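First subunit A sits with subunit B, and in the next complex the same chain sits with subunit C.
And then the complex of A and B:
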């Protein structure tokens, strides 16, 4: 059986981007026009928190990301913004532009069930700028009237444009002074207001805003990395959850929710992954997720900690034939259609960093 | 051990026999119909199986297998796993141009559960061509079937003076390491 170990190198080795484009063009020429090649070294991600501690400043260590946790965000990915200026007076100017755009949109359409947006405020959100290539995170708040008609001012929509620990900026060096790259935008608010915001961003900065989607492979990687991340005693209420969608041929059942104790997952991951190193290979991720699924399936001889085998032993259901569409860990929850919820503020940086990385991979200049 | 051997029986002469291996629900019968309807020089007979090794008791009635197609569905990890297990039961001479991977459900990268790169590594390690395609519309089925039929014709000996090994020597390898 062929050895599926992937050769991983530390992220400091350049040029990672060239590898991506190299394999991308070779693959499309050779095999099929419709595959997008995953990066061959995409799993060189540092899971350790020590990476974040390497770039501290005294003020940042006390930031807790209260605004980010315990809310359900929709994740978008952006292309670089053209002529985005970072000065304070331009912030006010952008706020006025967006407010006037909101007014014209309000006049065009009439949405009954949602709060009516009116005014936009741009501000900087401190604490998310970790790496040298990062941009300061931008916070956009849209305020308006609530739909009950009380006339009370409510926050209709909150959005953050983020760039956390970007390893190397994919925009060409000559163009970097004109383009600002925020790979990720997370938004919370009604759909109509979200559309207003994205259409304004696209018009103002000549960029493209697309909802992020995550494949089953990426979700499996996320659950492998972060199911054991909480080093404190894990509360009983927070479990590791995997949701699978059942194929249409099986009638009577539409999805399967598989919940596990987080401590067991952490033990399993520690036994698979060499905890001394910062990186992990795809083989380790696949071993983790397959053993979880086979515990569900049957108790096999060689992977005695197999979670999928355990499940099969009791239920005779093969989870590997299903599609994983949402994962929940004690620190966060992520769905394949782009819905994110962060529970723990101390791990928010790591999560956003990973999202930045996933978003950068999909970017082709 | 009953490995599937390419040369232990007398060839049929009039037909080409193709064996399609894949787990349940992957589309073996769709592909089989498309292969039979495709434009091949010779009539094609199809057998399907979900895993190798094939059961021994029918072995004497089975004709010689000229070509093996392994079907992998990219949205199901299980199809990849069962194909990998079956590959171990295949005689090595089948990888000299007498087998291929037929990989389906390539259109939607979001629903993909199998990493294409690990698939490519396996195909490189075994020396088996990988053909990507879809089985949703009639045209796509025919397209995939015709590509497989080109290889089947050579493997069954219906193209004079061309052997499968000759085609293998001109196959361009998939280079995944940095140059």
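And then the complex of A and C:
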């Protein structure tokens, strides 16, 4: 059964279609059984590693994932890279190849108002290799000239190819020596440079790079799962936030922002989640979101899961019928179009692990 | 600094709007070379006027821009109350003269220079003031407000909190009232804000008579039907099974909102500090004594119409709760809701700040 489910690709979320039908079919999808949803999600990284975290060694504590946190990333998913060499000496060669690719692309197109990319540098990013199947994270930096034309060197684009705590490698055993699997790539930089990078990756390693999108269901899962994760002390400014897009047929209103106090949200989460378990189940997710949405409904009569139920109670508005567009918790923020921001370095591993998991689910070998 | 103000204004507007703006400002015709970039045009204009440019004059340009495009700014509505009738409320010209004198006096204690400029457009008084606190131009030190004579309401643009106190004092003193209160009503559409502030009591079906006046030529158009027919041709083979429910829903909505388009508001916000109401799903939360703090914010080009449409499209259950329908009659769009007492289970009230 699980094999059968694995082959049915989750319908990825496309940008809003302005038809009544489109918006509705998608919003209702959250409760329909046609999407593949695992019964539960792991809340932490593999047991072996977690044990290490419980008794932290000095080296483990110092990992602060510099350069990863407090930046807005665009999330991509990748298919396995063919003939990717993990040797350090080849990185220089890749850097040269990408630089020359950038040069040809620069000659082909004329870019206004953007920094001009020039030189690519490949390097390993330590600290993200957790499981036995993981590849060491690869960092790609593209340097270039700033757009003002004063010749100052700036970093135009930063990208990470990640694989955090891969549970079972979907690539066949015999093929694994030819294929290196990085399920997730996060990129920060102008669109033009992003296109250059993805096109080079696709050509060089015979892979496919797709922008990652997240359905309302996945976002609801994420917000329910991570509302309980907080950095201490809880910052007052960081709230749990759910942004809903109102269907186009309802003119006059475009979005509903529903923000909750992080501390109160954690209390709710604690009362739902079984503290002995490392997994967050689907039922727990549904309870959490339903209750919040019904709280909102009470006040606005609009309907929505425990968060959504709180909302429904007050507003009588059915939040569950709308598309969940962006979610934020004190540790991270994720938009349905794949915009990611991590606030807490302490939870970076857990967040990236989940993204890896979601990306692997979409991968069809 | 003067040039920075002019630059700031011109950068904001479209190239096609620049000649109109300058014409009103300096009564001079300016030819614009379409082949130039906007930056070059702005540089040329500043060069042209730099000889006799003063801060007040530059402020005048900013004020003209604000009167032409009031929707580019966010206005908060304040209520003036207490005090006798004075001639000020009737004569905007006299009021402007007094304000020009009073504002520098009140800001004098901040030890900073103040520039004031004013205009009267369609009977309403528009004032601009800039409190110079450093050599750089800071847009947050610019105060702009609109007053419609004979109304107790004043619309103020957002500015630095430090300047708030002397400014409020000055207004209360000059207008001859004793109190100035924030109505928690904000928006970009001035006309709608005034409409909401002035006509609190005419929400519902009666608002038809009031809102119709807004139309450009009310007599030349045919009376609109009470409910508009749907645009598409109904398919005779499709039978709506709950047409009675639908009609009932529309009736309820029209009773609460009226049939005309509602005044324009860009956001309505509720802060809730109430008991958790989703406990049917989470029984463990029933005995929680502390309030569950959260915030709803509705945004869109016309939120009041949006709320009505939510009910119409079935996304919200009709009748809507009073917190959503009473925005017009409360004339505010920022609410704080609190349980009157946690013992009293269902009672919540709209707290009056």
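Heads up, the rule we're going with is that the second predicted complex is superposed on the first by the 289 of 365 C-alpha atoms of A that agree within 3 Å, B and C clash if a C-alpha of one lies under 4 Å from a C-alpha of the other, contacts with A are read in each partner's own complex, and residues count from 1 in each chain.
Basically, a contact is a pair of C-beta atoms (placed from the backbone, for glycine too) under 8 Å apart; a residue touches a chain by one contact, two chains touch by 3 or more.
Note that the coordinates shown come from a computational prediction; the quantities given were computed from them, not determined experimentally.
Q: After superposing on the shared chain, does subunit C or subunit B touch more subunit A residues?
A: Partner with more touched residues of subunit A: C.
Q: Quick one: is A:123 in contact with subunit B, with subunit C, with both, or with neither? Answer first, second, both or neither.
A: The answer is neither, since A:123 touches no partner chain.
Q: After lining up the shared chain so the two structures overlap, which partner does A:251 touch, if you call subunit B first and subunit C second: first, second, both or neither?
A: Touch status of A:251: second partner only.
Q: Does subunit B (first) or subunit C (second) touch A:321, or do both, or does neither?
A: both
Q: Give one of first, second, both or neither to describe whether A:215 is in contact with subunit B, with subunit C, with both, or with none.
A: First partner only, subunit B.
Q: With both complexes overlaid on chain A, does A:292 touch subunit B (first), subunit C (second), both or neither?
A: In the superposition, A:292 contacts subunit C only.
Q: Check whether A:336 is in contact with subunit B, with subunit C, with both or with neither, and answer first, second, both or neither.
A: first
Q: For A:88, using the defined touch cut-off, is the partner it touches subunit B, subunit C, both, or neither? Pick first, second, both or neither.
A: neither
Q: For subunit A, which residues belong to both interfaces, subunit B and subunit C?
A: 247, 249, 290, 318, 321
Q: How about subunit A: which of its residues touch subunit C in the complex?
A: The touching residues are 239, 246-247, 249-261, 264, 267-268, 271-272, 287-288, 290-303, 305-318, 321-322.
Q: Can you check the complex and tell me which residues of subunit A touch subunit B?
A: Interface residues on the subunit A side: 1-4, 6-7, 19, 22-23, 26, 30-32, 34-38, 40, 213-217, 220, 247, 249, 282, 286, 290, 318, 320-321, 323-324, 336.
Q: What residues of subunit C sit close enough to touch subunit A in their complex?
A: Within the complex, subunit C touches subunit A at residues 270, 272, 274, 276-282, 284-285, 288, 290-321, 323-324, 337.
Q: Flag every residue of subunit B that touches subunit A in the complex, lowest number first.
A: 23, 25, 75-79, 81, 84, 87-88, 106-107, 109-118, 121-122, 125-126, 130, 132-133, 172, 174-179
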